[in-house]
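One chain, chain A, appears in both complexes that follow, with chain B as partner in the first and chain C in the second.
The block that comes next holds the complex of A and B.
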């Protein structure tokens, strides 16, 4: 808890010293961090490998975009509502996807995300089709404040969502519920034979994961002022999975670092080459082969006691 | 400089020692240009980039603007609106650009313009077609120096009033510009009491048009209006030729450009359409521009190279009048800019920031002995007939 507070304090001080461009990058890193962390709930704790997590992000982004474009609901509430909506929709998705396990589960999540992608292309009224939703505003409020509409205010809102999401996710995985999830991860048949309805647990964790992922997408829409089908595309699903693995699965903090690392490397490499993805691929392979515990695993290697804290 | 490999930094002042002396010590005017250099619109973006580089080099050789050299900061968007927003944000926040060019697709421009106020940046469009940019989506810092989609479509429909066709079909790229232009065309055709049979839209990047061509053939239309550009346009025209569509149907298009003609060869002969710019346009200013261009690139300038040049000239006139690149002053100055351009007289309207200019109709012909077909001017319409009412996309008469 002390580390969490220290990191929060450090991030809260960032706007004082950083130029606008760095603030933009940092805000995006926090949004992606929340997104990657949400996927870690599924991948790291219940071994539910989703190839379609962009669905959560896109759903959140389009929902928030429409709320902000067409209603007066204040920004923070719009973000929360979008997260809840995304989580609710995912209950149906999870109900279907958890019929299968392993690779089949992954394929079903991918299929569902691609289905949403196709729908978004045709449903012009809600998504703007290939033109996307442009000019998504940051509505003022609540209580008349315009703070969250400002660049720095939006950064603090993002930070609050990330830390709120992190505390929620951590409480979840440390609870008895989280213990059952880990049981599913290690040996689902055994957990089932102990009398746990593992499928319900899986559906619940997918819903929690989609809710947080949806919140990340919901933050992205007013951050960029724009949402289009890219946010539902499999490429994003692949990228977020890479962030989770590079950061370190089953740690919650790792994927947040992974997201920041991914964005940073992308930013730096793309200055020198258009084929940055190629080089990132090499980095990714390196992590899988030599540091399967990810960035967090590397950081903890020197401090073995930390692992069992 | 870390961005050197990726960003094509244009410091043409370096090429000319005389100018260097004047410009030394002056901070450059940076113009950010997020533009589609890859993807289906890549060829158009490449034209825009060449046009901008040529304009910057020419302007710098004359001492720059306000005595400051122009520096272009070019970024590839791939033609994706989300990426375009990010790249535009990059050039504004990281590179400190307060002026913007580029944004090849209308969908990219529509995504970016709501951000202009926050960035305090002015965007001068050289190719965005969607009428909404100077209509319902107009923002104070957006200006359009080029012929818009509705204006190009209007030229076609004015021309058609003299022609006799039984029925019209329309095909467009499935995004902002395609749908907007066909909407205007349909409105024009129906107002003229003619028969509009139907329309169809192909996703950006479509390679195989056989089903679309079959649809057009079966519709019974004897004229088809095409709203496409770049690779899609070239693919459609050459496949239309393979399926002998031009034998049955007169092809009309909103944009005739040399690139598509070169890509389709003789398949483009007989194509009638509006032209936003062609090296064959009349006038001394254009002749001079074409000569300068030929000297630099050993070929004639294409549609978006000419349009980009014109956009540059409009921006330069605005900056000169404002004496500053500060968005607030520049905006006021640009609202009163009038120049004699390569396309004739251009006047920026204060009410909707659209450049009033003539409309041109061309027909693709192959002159005897010529290696490839060229667009030949067949009709010119005055600015007040092709430019829509302020903030509008449709026409009353």
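The block that comes next holds the complex of A and C.
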């Protein structure tokens, strides 16, 4: 808890010292961090390797975009609503996808994300088809404040979402519910035979994951000012999975670091070369081969591991 | 236009499309069936085949040479990747392969962009196949007939290869019980390298054959890999016959769907896949749930 507060304080002080372009990058890193952390709930704690997590992001982004474009609901509430919507939709998704296990589950989630992608391309009224939704505003409020519409204010809103989401996720995985999830991760058959309805647990964790992932997407829409079908594309699903693996699965903090690392490397490499994806692919293969525990695992190597994982 | 000629030409269209999809699907399903590897880079190998084919046609001016050279090169590269990288991952769970091959997709996409540039490259249809025939008075390109035919030929060849040859026997045995095959004195690791190479080589053939129709472009890999997954998931991971059924189903949905319901064709394909998976989680002919 002390570390969390210290990091929060440090991040809260960032706008004092950093130039605007760095703030933009940092805001994006926090949004991506929330997105990657939401996936870690599934991947790291229940071994539900979703290859379609862009679905959560895109759902959140399009929902939030529509709310902001067509209603007067203030920005923070729009973000929360979009997260809830994404989480609710995912109950149906999870019900179908958890029919399968292992790699089939991954493929099913991919299929769902691609289905949404295909729908988004054709449902012009809600998504603007291939043009996407443009000019998404940051509606003022609540109580008439325009704070969250400003660059700094939006950063603090993102920070609040990330930390709120982190505390929520951490409470979740430390609860008895989380213990059952880890049981599913280690040995689902055994957990089932102990009398737990593992499928319900899995559906619940997918819903929680989609809610947080949807919030991340919902933040991205007013951050970038647009939402397009790229946000539902499988490439994003792959990228966020990379962030989680590179950061370290089952740690919640790791994937946030992984997301920051991803964006930082991408930004630095793209200064020198167009082919940043080449280097990123190599780095990623290296991590899977030699450091499956991720950045956080590397940092913890040699030290006694925390048992609560 | 009359109904009958229209239906016939559309069916032939779908068959030629199915042949291309089958080259991709049977390679992926072969690799999965033997090695339990989901090769995310399969679309990238397909794309590599198309680009290598383009270069080979440019160098030699002969499409048929390209059709031989490209799969050999692509398959060789696949086998080398298995030897160098994938081999270190046996014993880890299946997702490690999915992730490594995803990384490989990024790398291959960039390398191809660096080597061949961003422009789509047109491969000429070989002179012998560039004509048009009239089927029930409807014009139809010979090349598409050739595609459909080559799909059938390659499908039969692989089937006979798996059933009749010694390597085919070893491959089938490895898929059933790798340890026993190893204990009986065959180096299973070599069988695995061979299978991965053959699977990638099949994707390479598909790439060369597809190049004259769709041009070699950087968008090939993502489109191909998703379609391939759909096929293999519908048919059942690891089932050879299943991948054929899946390819036919997807091709007919794509061709007829884009004619009758242009807005829904793509969504329809995923809906079919989801429905099948809900009813039979292992796919139509898959063994496992």
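Rule of thumb we're sticking to: the second predicted complex is superposed on the first by the 302 of 309 C-alpha atoms of A that agree within 3 Å, B and C clash if a C-alpha of one lies under 4 Å from a C-alpha of the other, contacts with A are read in each partner's own complex, and residues count from 1 in each chain.
Basically, a contact is a pair of C-beta atoms (placed from the backbone, for glycine too) under 8 Å apart; a residue touches a chain by one contact, two chains touch by 3 or more.
These numbers come from a predicted model, not from an experiment.
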Next on the checklist: Based on the shared chain A superposition, would you classify chain B and chain C as clashing or fitting together?
Outcome noted: fit
Checklist entry - Of chain B and chain C, which one contacts the greater number of residues in chain A? => result C
Checklist entry - Taking C-alpha centres, what angle do chain B and chain C open up at chain A, rounded to the nearest 10 degrees? => result 70
Checklist entry - Looking at the overlay, does A:135 come into contact with chain B only (first), chain C only (second), both, or neither? => result first
Item to check | Touching partner for A:100 - first (chain B), second (chain C), both, neither | outcome: second
Checklist entry - Now for A:126: first (chain B), second (chain C), both, or neither, which partner does it touch? => result neither
Checklist entry - Which partner does A:91 reach: the first (chain B), the second (chain C), both, or neither? => result neither
Checklist entry - After superposition on the shared chain, which partner residues are touched by A:111: those of chain B (first), chain C (second), both, or neither? => result second
Checklist entry - Can A:271 be said to touch chain B (first), chain C (second), both, or neither? => result first
Checklist entry - Of all C-alpha distances between chain B and chain C after superposition, which is the least, in Å? => result 6
Item to check | Footprint overlap on chain A, comparing chain B with chain C | outcome: 121
Checklist entry - Once bound in the complex, which stretches of chain C touch chain A? => result 38, 85, 88-89, 92, 94-96, 98-100, 102-107, 109-111, 113-114, 222, 226, 229-230, 233, 237, 263-264, 266-267, 269-271, 273-274, 277-278, 281-282, 288-289
Checklist outcome for this item: In their shared complex, chain C is touched by residues of chain A numbered 49, 51, 96, 99-104, 106-108, 110-112, 114-115, 118-119, 121-122, 234-235, 238, 241-242, 245, 275, 277-278, 280-282, 284-285, 288-289, 292
Item to check | In the complex with chain B, residue positions of chain A that touch it | outcome: 19-21, 24, 121, 129-132, 134-137, 224-228, 230-231, 270-274
Checklist entry - Given the complex with chain A, which residues does chain B contribute to the contact? => result 2-3, 5-6, 38, 76, 80-83, 85-86, 89-90, 93-94, 106-107, 110-111, 113-115, 137, 174-176, 203-204
